[in-house]
Amino acid sequence: MAFDLAMVLGFWIVSFLALLVFLLFGKLIRPNVPLPVKSSSYECGERPIGPGWFSFNNRFYLIALVFVVFDVEIALVAPVVVVFRDMLAKDMGWLVFAEIFIFLAILFVALIYVWSRGDLRWHQDIPDPTCKPFEIGTKEVNQ
Amino acid sequence: MNPDQLHKRLQEGLGIEIEWSEGPVDPFYLIPSDFWVKAGLFVRDATDLSFEFLRSLCGVDYPDEKSILVVAHLFSYQHKMPLVLKTKIDRDQPKIESLASVWPAACWHERETYDLLGVVFTGNPDLRRILLPEDWVGHPLRKDYQPPNQYHGIPTTRPVVDCDGEQL
Amino acid sequence: MEELSRNIVEALGLNPFWEQVFYALAIIVVAVVVFMAALTIAGLLTYLERRVAGRIQSRVGPNRVGPLGLLQWLADGLKLVMKEDLIPACADRPMFRLAPYAVVVGVFAAFVSVPFGQLLIAADLNVGIIYLLAITSLVSVGVLMSGWASNNKWSLLGGIRSAAQIVSYEVPSALSILSVVLLAGTLSMQGIIQAQGGQEYHAEFWARGGWPWNWFIFHNPFAFIAFFLYFTAAVAEGNRTPFDLPEAESELVSGYNTEYSGMRFAGFFLGEFANIYLMSAVATTLFFGGWQIPGILPEEQASSWSLQLMGLLIFVFKAAIGCFVVIWLRWTLPRLRVDQLMGLCYKYLVPFAFICLGGNAVYILLIKAGSTFDWIVHGAMTLFGFALVVYFFVRVTHHIRLVKDRVDFDILSRGTKKPFDPAVQTRRYGRHRKGARALEITGQQGKEIG
Amino acid sequence: MSTIGLQHYLFISALLFSLGIVCVLTRRHAVAILIGIELILNSASLNMIAFSRFGQGNIQGSVFVLFIIVLAAAEAVVALAMILALQKRMKTIEVDKTNSLKG
Amino acid sequence: MGALSSYFSAVGRTIATLGDGLAVTFSYLFRKPVTLQYPDRTVEPLISTLPERSRGILEIDIDVCTGCTMCAKQCPIDCIHVEVVKDPETNQRMLTRFDIDIAKCMFCGLCVESCPASGLRHSHEFEGAMSDVARLMLHFVDKPLPVAKPPKKDEPVQTKPKGSIVREMLRDPWARTRKSKPKAEECGDIG
Amino acid sequence: MIEPTDNNPQRSELVLNMGPHHPSTHGVLRFVVYTDGEIMRRAQPDIGYLHRGIEKIAENKTYPGYMPFTDRINYLEAMFCNQAYAIAIEKILGITPPERAEFLRVIACELNRIASHQVTLGCIAMDLGAFTPFVYLLREREKINDMMEALCGNRLTHNYMRIGGVSADLDDTWLGNLEGFLDHFELILEEFTSLIVYNEILVKRLADVAVICAADAVGYGLVGPNLRASGVNWDCRRDLGYSVYPQLEFDVPLGRGERGTVGDCFERFVVRVEEMKQSCRILRQCLRKLPDGEIQAKVPKMIKAPKAEVYSCVEGARGELGVYVVADGTTKPYRVKWRTGSFSAMSIVEAISRGLMIADLVAVIATLDVIAPETDR
Amino acid sequence: MTLVDLIFYLVAVITVASAAYAVFTRNIVRAVFSLLGTFLGVAALYGFLSADFIAVIQILVYVGGILVLMLFAVMLTSNIETTSSSNRSGGWFLGLLAGTSILIILGTLALKTPWKQTEPSAYSPTTASLGHELLGGALLPFELLSIVLLGVVIGGVVIARFGRKESDT
Amino acid sequence: MSPIIEPGPEGGFAIGKIDQLLNLARKNSLWYLLFGTACCAIELMQTGGPRTDADRLGMVFRATPRQSDVLILAGTITYKMSSRIRMLYEQMAEPKYVIAMGSCANTGGLFQESYSVVSGGDLFLPVDVYIPGCPPRPEALLEGLMLIQQKLEREPWLKKAWSGTPNQSDPWLKPRG
């Protein structure tokens, strides 16, 4: 297993170095002509209005928040799931099943709660504009 | 409703004399500029007229008469008839009330007329240049408009250059 | 790989120091080889994408560089290397430079546990599948980094969208992976492949590994659904249509890589395509029996190099089909809006994934592996799957028939057809020759200039 | 053959721990404080694992670390949610400017 | 139950409609591409498949031009320049200049319609990219030459093959300069 | 209603420049989008990047000489611009074109309508991320372009019509091609329907988005398919009966609220699909009814219009396309003003974009079928 | 010193250095990004310690979850001016002092104490034994954690919405 | 005469094998900026469309100037637009080329006399290739793109890259030496 782990580290390092090598190699054969306008930031050909950093819609954040919790739950469930077959062979399958089930059910409740509360909804639907019928030959427009 | 009847109805509704022309092709009615918005409201709301569709609104420059005519083309979907309203304003002080409150569509048409002819519409919520850059000088659709020689360093005329590279 | 190198070390009888050096060298060589392979795969995928897109859109696609245009990706890559490497003035320079690294490392480091064959795996980690899940989350950090560092509104929006998307779609994809782990009882990639037939039913030829009915996708209805959940989530994690919001051309120009040019952009680009391959490879491993050859036991396969090679081909082929599907989706579907994207995740995918996990557990609790009923379910699911494919092809033929023979209509409307005169010369392209090779002709035309 | 022993890990862990402490004590940006806390938790986990490997070699260390990681995530989620709320209410997330949690 | 059934029907609808869309695109893998692989891999040269009326780059067969300058008058944007000078000795009207600025021309065909001699026409040539815009001012008169007689009614006019004139003029995309309008000396002592 | 621009946005507000170079603002429109990252507070259109002064140019051109310029008013529906202008001048001069010419005009126009809708529908699909439907429609459009080229010599800027007629006649081969094309295209439309029209993602993206109710649509001067999608039953071809349209039979598709509300983006999409079918129907009738005869009425060589003014309009692909011509008795128009559908469609964007998401803005622009040359002229 | 040791020191240096950068940099966003190095480094150390599952979970949760969350939080609450300038509270000297002293104490403790060490066993997979442990001795905390997580989801969302009313229109 | 494209063994630069290789790559991967202003943009679209299919030759569109090699001035350029186009051009990464497509971009074309239209793209950008037509048909645009290919095939690339000179052919109006 040590070898495998070393291999993983080796991959990290090699893929990092590879890009570095490509970039360094590229330095040899690419022009570099920095001009002030060229390095201004692109905004559809306009000069940018306001700073490029901004505070964005926090709904993203809420969602990420919820999902990180689910991420964590995977970390917890994975080892149990792995031994499920072992335990099945030992006739303790129902125990494992019960455990996973309860665990997941509780989390599912959390999901349902957040869902039903509408906290994850993005779009506060705009109220329907009151549509008046408009028919050629009737007279109830704009009055 | 034929043009004649329309004329009567307009005079009746606004309570003033209205000049009009049966025109070689399209008839039009010349509204005094004070009654411009009033006329608009009237032709929109009167049930036997109901011109709820503003087709277009533009200006025509008459330097000889020292005036600009603002022309509004209206249409009634319900009665399937068109209507052309005009009003005459002073060319040097072109100013008239905005129809934007009557037809929302008028807003942009008025901006365009302002941009190209320099007519100021009082009461328009967003009276800025719409087609030309904000820093443009002059109103091109006026008959006496002279384009500038260069804009931000770009010459506005292209010198005729022959293949030899010499200017002709 | 480990065994192999140990054998060599023992054969050479190296002392501990040289042994270490040897191991290190072996690791580097393997890593470089796999990296190059992954690079080639990613490059070929860009070519494949353009070719498939071309055919789907009744075009041809790139066909000039090399035979059939196969070297197109090399030309693109080389050109990108040659392109100026711009860094916007108000960008956060170190971050801007580092971001592509995070993406590239995140994707390529995952290739360490892709099982190309019985022995052809760089490192068969015990936690392989979770490792894959985990390391690809580096991509989201890289994307966020690039978005933030560019100091560009489109980039930042794209980066944030992308990160939120990757974080949230990790959940359904992990849950459906857990469904498979439940069936296989291991996290190792090779273990999962070998669990798909082979281990428990050595006896019958038809019950050995590699046959479709042994694949986990046809294991039971819940696993079947789990596959689609995984696939959807993986497509979303790879930022591909219909989930390509972070780089939605019509909304965010080019998303988080708007400000990148040259090689750094190529990093993102290759990362994206390598990621597609990765997800197809994972899908192949988890649901389609990996490198297993029908009717042959894994042990047999390990013993012969020719069988190994065949396994490799099978694996690559299956994964390529996965890539094709991803590309095909891309060129067919419109994209979702961002709220619909998130809604899809927590309203549909996550609940379904929960149900699949539970369903799979119940299935293996109630039905004994290898029992008749188990086989009937496998068989029925396989038939069902094939029926779906057949129905699909019925639709395809319907569409072909619908507009049959009318595609050639073009030439017709070009007015009177004059007889073809081979002596006609166009202005610069020399004498026209039927089917002449482009490169030849463009090569000649150089002489005419000047 | 390897000369790396328990002490090395413990020392790294001590380094991380003290860095975490410094971070918590010296910085006032709420997220920075969270960074400090994460560093401390990481150092603790590292200790656990190191002891479990060089000590009895049992698995309890790992289980404990698993729980630590989960709880760290949970804590981060709540903390970040609070930061968000704080920012909305107080328009700042410099903790020493927000004397009370009242809105 | 309404909510649940709409939940599942949405799933079903999605699968059905997406599947059908996928079938359409998949079917194109089995159909022929419509691409005409210009420039070199076409069945016949693209230019010879263009319809008769196609308006390509303008050309004038100077041998049949009557020098009536109708075309120049008709062109809304004045991109045809014709100069006709009467030779004081022979009283022959001489064309000293016939330039068409195809960098400005809008290919509207109004000039062609007005030409009585059918010497002015749209060729089918479209390959005219140049590295120098001045080269797109086409000079059809190199040295002064007498104008042709107006053709009689219904008499077919013999002209050079369509496109052969401009193709020669535009053959070299990289040339930057060329001899232009005939110089005054060359025009003899006319004008 | 519309607030003036303020260039000092709130701190938390993001001001995005969408355009003039932005893939979804086909052509060169620009929107200043005030947003919190996803949801728009406001999208303020900024136009004029393609203002070419076509109205001013008219004042220096002769009546026939202005015809090629009308092609460029809207390059996607050049025929309609030709037609509107030709009709206007004919009204002033009191000319009636021969019937064959009228039929040729209708044929050309309806083909052009199909071509224009092809681009529109394709762009809607493309802006929502589906590139392939767009390419399919481009492919079909290429066939129309070929036919146009065979008919009048140019693929895009046709300059086909003349005052009092058309410039070129067509022959049986062409008509045969047209028939072949119609047979083909109706099937392609069917295929297109299964490819994208009811695609659930597309429906979800478009349905119930940016609903324009009928009164607003009329008030803001929306015309054509946009107006009909809002449920207003109006079509100049049928209701004003110009040219030979009274002799032809066709339906006017209306928004029905099939998958959402009447007047939403999806209706605007579907109405255009239906209109293409109706155009095919009209073309088939034209093929049957096309009479023999002249294609050009007698028109003086030097056109000198009497002092008059006229507003003439046709139902273009983007709805009522009107031209207001003031003639002052010389050979050149005194004033020409174009009334285009995109201009008014653009003016409603700011009002309806509030509270939508950025991705919706893209859908709104695409389905309103706003194109730059029409708004800017 | 063997190659393995070399790599160990490399990893250790990366870990500590990026942690130090995170602590001492003035720019909060860069601080969070540099935590990436720490987390990956710690994961690698777990790998050295044969805790493969924990290493992977470390990456999954810290890099894929917490780090992204923190980045969101920073980007959400700060703009360009505050990201680069916020640092240092008044107790800056005191904090450093405390940190150093703790380092000295713990460092000596770590290095000088004669730890009772057993020679580590060979590297071996841990996932299955973890699973068994979770089903055995740690069953109760495991289940309790799910309740905690439930609380976290609800609490997180509620708290995050807490400040909503006035700023949302 | 621009020295860059002066070809041939006599008088021109000796182009090394490496240059040839690099130029071959560059030539086959010309990415153009997705940008069109007016009618010509439609033909630009058709060029990427199925009939002409620029992708055959390795030409694809990119939405951002950072990743594009060729700026195609497809359509009328107004004064309001010109500064934006200039900016887009500036923001492109080297090497970059400009094609003027259609009469409007060549000389202003039929709008030359208009008050708001720039009389030719070369008044503010260094244009490499001019394509006549109004609009040029897709094949004509393709031909223009192929001229760019020819041009860069002949460039002494390494020399240029190392010397760090911006790749700008002289604007047409400036005196040529």
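Think of it as A, B, C, D, E, F, G and H in the order they're written, each chain with its own count starting at 1.
Criterion: a contact is a pair of C-beta atoms (placed from the backbone, for glycine too) under 8 Å apart; a residue touches a chain by one contact, two chains touch by 3 or more.
Since the model is a prediction, treat every value here as computed from it, not as a measurement.
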### Task
Could you tell me the least number of steps, going only between chains that touch, from chain B to chain H?
1
### Task
Write down the chain pair with more C-beta contact pairs when A-C is set against A-G.
A-C
### Query
Which integer distance in Å separates the CA centroid of chain E from that of chain F?
27
### Message
Averaging over Cα atoms per chain, report the distance between chain A and chain E in Å.
### Response
54
### Whole-Å gap separating chain D and chain G, where each centre is the average of the chain's CA atoms
5
### Task
Could you tell me the distance, in whole angstrom, between the mean C-alpha positions of chain C and chain H?
35
### Task
At least two other chains touched by the same residue of chain C: list those residues.
16, 23-24, 54, 56-60, 82-86, 125-126, 130-131, 148, 153-154, 156-157, 160, 163-164, 167, 170, 187, 249, 253, 258-259, 262, 331-333, 338-339, 399, 410, 414-416, 428, 438, 449-450
#### Entry: Residues of chain B touching at least two other chains
52, 77, 131-133, 140, 145, 161, 165
### Where chain A touches two or more other chains at once, by residue number
1, 5-6, 8, 12, 29-33, 38, 40, 42-46, 48, 51-56, 58-61, 64-66, 68-69, 71-72, 74-76, 78-79, 81-83, 86, 104, 111, 114, 122-123, 136, 141-142
#### Entry: chain D residues touching chain G - in the complex, by the definition given at the top
1-29, 31-32, 34-36, 38-39, 42, 45-46, 49-50, 52-57, 59-60, 62-63, 65-67, 69-74, 76-78, 80-89, 93-94, 96, 103
### Query
In their shared complex, at which residues does chain H touch chain E?
1-2, 5, 7, 50-53, 56, 100, 103, 106-110, 112-113, 120, 122, 127-134, 136-137, 139-140, 142-144, 146-147, 151, 172, 176
## Note on the structure
In the complex, chain H touches chain C at residues 6-8, 22, 24-29, 34, 49-51, 53, 55-58, 60, 62-64, 66-67, 69, 93-95, 143, 146, 149-150, 153-154, 157, 161
### Query
Once bound in the complex, which stretches of chain B touch chain F?
23-26, 28, 52-56, 58, 60-61, 71, 73, 77, 80, 82, 84, 100, 103-105, 107-109, 112, 116, 125-126, 128-133, 140-141, 143, 145
### Query
Taking the complex as given, what residues does chain C use to touch chain H?
50, 54, 57-65, 69, 72, 74-80, 82-86, 249, 253-254, 257-262, 265, 410, 428, 438, 442, 445-446, 449-450
